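Each of the next two complexes has chain A plus one more chain, namely chain B in the first and chain C in the second.
The block that comes next holds the complex of A and B.
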């Protein structure tokens, strides 16, 4: 099937009657995934500054309101299960949702807030015809047309998008749109786009996890963090980082419990009530970020917590480049140290 | 610029060889086009990696606080002003610091360059006063001066205010301009509020602005305390974000060297230098003081002279 680009806005308007529609929009100069009011707002093709994880895991999320009075306690939970469609995610970002699923839905923990959104959101991703110079998705088990995490994959073929339904949810959505079938030319154009999308950067992950197993006390960390200024730009803009903090906003007898993104790069992140902080300096904090993504996450979920989107590289104020960091780690002599 | 890199390398090598310093903080080649990156050279071999170009945008003073070892730093005009500000606050021991001063015309703003070409820049080359930007399907030339950061265009202190050694030729004096602040001040209260709300909605509270700033170094920042919690962590609240930025800027009054590091670090493109420069302008008008220009004077808020303009005390 195909969708003409000229008809996208109308189709999104049609979808908006039944679903909440998230799409990339220009928000004060930054592209962001937002629920749109009109199809014409959507800027498909542009990737967002903030990753689309915020659709399922908002940066700040009210979990419930509460109030206490003489009659007792009132609590209103705010689980959001609105039927939604998220369109225009890059395949790397769609893949990141599969990684987040591990965290929010596992043997020990089911996050009702995340899962309510997850179960009710259809992911329509848009393949990447021209990966950016900072992309390295092919090195982390993904690619510019990876369908992992997508319910529908769109491929830009010039005047139109080729539409491929990947999952049952995707087929159901596409079925509602009465789209014309793709002819041989459209299919050939899509194949051409897929074949010519080159990902320039490569990171060699072979053996990295095992290397990191033995590097916890390695001197490499002493110098690595030196130029890092300890902000959370990399963390907040990462599609797979998922740590959060919970706070109560309360006044008198009324309040609200809010979940906010948090970052391992901050000193407060692991500060104990006693005043002790096991991650004393930037060294321990940067090590944690690398270890969590490329070692602990692999141990726990058998996957690397990185999809190669390059946002951390593009947006680091001091040009800390994770591709270089990983290459340097690979080159370190770990001797006989046991981690 | 190539020559300056060589001079900086030679200077650094000599300092390290003669054990005058243990460390040289400078810049090395970055991993992206239009980007150099902070670099820490501890050996003569490492000193060969030091470079100087129009992409050395970071304020390296950020790395100099409370250093135990003897350090040399490659410093632009704004970096040296921050150094002076930190010396007054006992954060930097001048005796243990060697300043390799570099006059600066301005640093190139990557966001401006991307906006100009409308695409991703994969390669950039500077020839004299011109820059060539290349990407997929485009090659565009532009005068590099047009792509300098706004803070650099309005900066009057490209030449280091203190140094142990100056490399490169001094740049011509420019007049300090607060044009964009004046434009902002001329707006109605409603217009200003609406502009600030729009900017603050972009804030994701990553604190890159705070962490990139050399004079933002409280051991415990008010936004990082949980008991009491002074401010909500909610990133979608433009009001809370403005409280954070407002307090941050107030803490900088009389200390901000107007380097623009906060705005450069912001991944969301918030016009933070408008706020900080408003503070710089107010301090100048109120006390006749500009931070970081004179190592011998007292910090402005620790001092009083009958000659202060102090218009807030005067009656017409």
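The block that comes next holds the complex of A and C.
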């Protein structure tokens, strides 16, 4: 099937009657995923500066509100299970959702807020015809037309998008749109786009995890962090970073509990009530970020917590480049150090 | 209320706000369940913790000081150090607080059956050890375990927690209780000296024994070699770690040591397990 680009806005308006529709929109010059009111707001051609994780895991969300007095307690929580469609995610970002699933649904606890959104959101991704110079998705088990995490994949074929339903939810959604079948020419154009999309940069991850196993006390970390200013842009803009804080926004005994994105790059992140801090300096914090993504996450979930989207490289104010960091790590002599 | 949502606290009523130590910095809070259903659902084991919420102020994690053998209540001994703990200290009896839990793992009391147990505690980290001792001394369980030795130290007598329990335990003949303070004080009849030295003097046998140790990092650092000299292997030494925690569910990402989350995979680890993890705690 195909969708003509000129008809996208109308189709999104049609979908918006039944679903909440998330799409990349221009927000004061930055592209971010927002629930749109009109299909014309969607800027499908541009990748978002902010990662789409905010669709399922908002930067700030109320967990519940409450009031309490001597007689008793009132507490209200509402999970957001609105039927939604998210359109325009890049395949790397769609894949990041698969990684987040590991975190928010574990053997003991289910994050009801994340999972309600997850279960009710159909992911329509858009393949990358022209990956950016900072992309390295093919190095981390993804690719510009990877379908992992997508319910529907769109491929830009010029005047139109080729539409491929990947999952049952995707088929159901596409079935509602009465789209014309793709002809041989459209299919050929899509194949050509897929074949010619070149991811410029590569990182060789072979053996990296094992290397990091023996690098916790390595002197490499002493220097590496020195130019990092600890702004945490890399974590906020990372589609797989999921650390959060929980705070009460309350006056006296009435208010709400809110969770907000947080970051391991901040000094207070691990500060104990006693004043002890296991990650005292930027060295420990930068090491934590690298280790978490390329070592600890692999141990825990058998996957690297990076999808190669390149946002951390593109937006770092001091030009820290994770590709270079990983290459340098691989080049270090770790001798016989353990742990 | 949706009980499948692990972020929602259950309401409990503060029935006792007790000043535990002479310096008034530690209070023990006794809480009663407001709803019978919550009481039935709150199944915990010694060593677990819970998030304690003061409405309007926020929540913070604390070890559970009561034992599952004391039904109907939960106890927490809390030092006044931050916003939530200070607000707790100021709460009047009868107030409603929120409790989220039980969270984390526990001392492996099932696996310890048939073994001698040595419990070593220092300062106010004694809270979950109180839970463990009460659990082991329960008449229905005491026979499952061998000798029980408790070595507990504080800077001075006024800083020892649970004075009523200490008196009660000292009168029993199925527990060897050794209390110690750092320096001699008039009227003190117990031992004097730091925990590592007292452990060396007591010299508990490592044979068929497990040691549970909880206290300030410096105490653990100097007690560990003493235990090793006595023949305790890293598998026979069990510790409980403290970390900054928020969600308590292994999701918010701040309490990890290597690939383990202290809130979910811990807080209880054997020394053998800790030796495999990065030294970042």
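Rule of thumb we're sticking to: the second predicted complex is superposed on the first by the 336 of 339 C-alpha atoms of A that agree within 3 Å, B and C clash if a C-alpha of one lies under 4 Å from a C-alpha of the other, contacts with A are read in each partner's own complex, and residues count from 1 in each chain.
In the analysis below, a residue touches a chain if its C-beta (ideal position, glycine included) is under 8 Å from a C-beta of that chain, and two chains touch if they have at least 3 such contacts.
If you're wondering where the values come from, they're calculated on a predicted model, not measured in any experiment.
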When the two structures are laid over each other on chain A, do chain B and chain C clash or fit?
-> fit
So, does A:49 touch the first partner chain B, the second partner chain C, both, or neither?
-> first
Of the partners chain B and chain C, which touch A:151 in the superposed model: first, second, both, neither?
-> neither
For A:164, is the partner it touches chain B (first), chain C (second), both, or none of the two (neither)?
-> neither
Superposition-derived angle with apex at the Cα centre of chain A and sides reaching chain B and chain C, degrees in steps of 10 | 90
Go through the superposed model and pick first if A:323 touches only chain B, second if only chain C, both, or neither.
-> first
After superposition on the shared chain, which partner residues are touched by A:226: those of chain B (first), chain C (second), both, or neither?
-> first
Chain B versus chain C as contact partner of A:93, first or second or both or neither | neither
Look at the residues of chain A and decide whether chain B or chain C touches more of them.
-> C
Can A:245 be said to touch chain B (first), chain C (second), both, or neither?
-> both
Which holds for A:64: it touches chain B only (first), chain C only (second), both, or neither?
-> second
After superposition on chain A, the shortest CA separation from chain B to chain C (Å) | 5
Could you list which residues of chain A make contact with chain B in one structure and with chain C in the other?
-> 245, 247, 262, 271
Within the complex, which stretch of chain A touches chain C?
-> 63-64, 66-70, 72-73, 75, 77, 79, 103-104, 106, 108-113, 216, 242-248, 250-255, 257, 259, 262, 264, 269-274, 276, 278-279, 284, 288, 291-292, 295-297, 299-300, 339
Chain B contacts chain A in the complex at 30-33, 35-40, 58, 62-63, 120, 122, 136, 198-199, 201-202, 204-208, 210-212, 224-226, 229, 232-237, 264-265, 267-269
Complex contact set, residues of chain C against chain A | 1-2, 4-9, 11, 34, 55-60, 79, 81-82, 85, 94-96, 98, 217, 242-244, 246-247, 249-259, 264, 276-281
The residues of chain A that touch chain B in their complex are 27-30, 49-50, 58-60, 130, 132-134, 223, 226-227, 229-233, 235-237, 245, 247, 249, 258, 260-263, 266-268, 271, 313-315, 317-321, 323-324
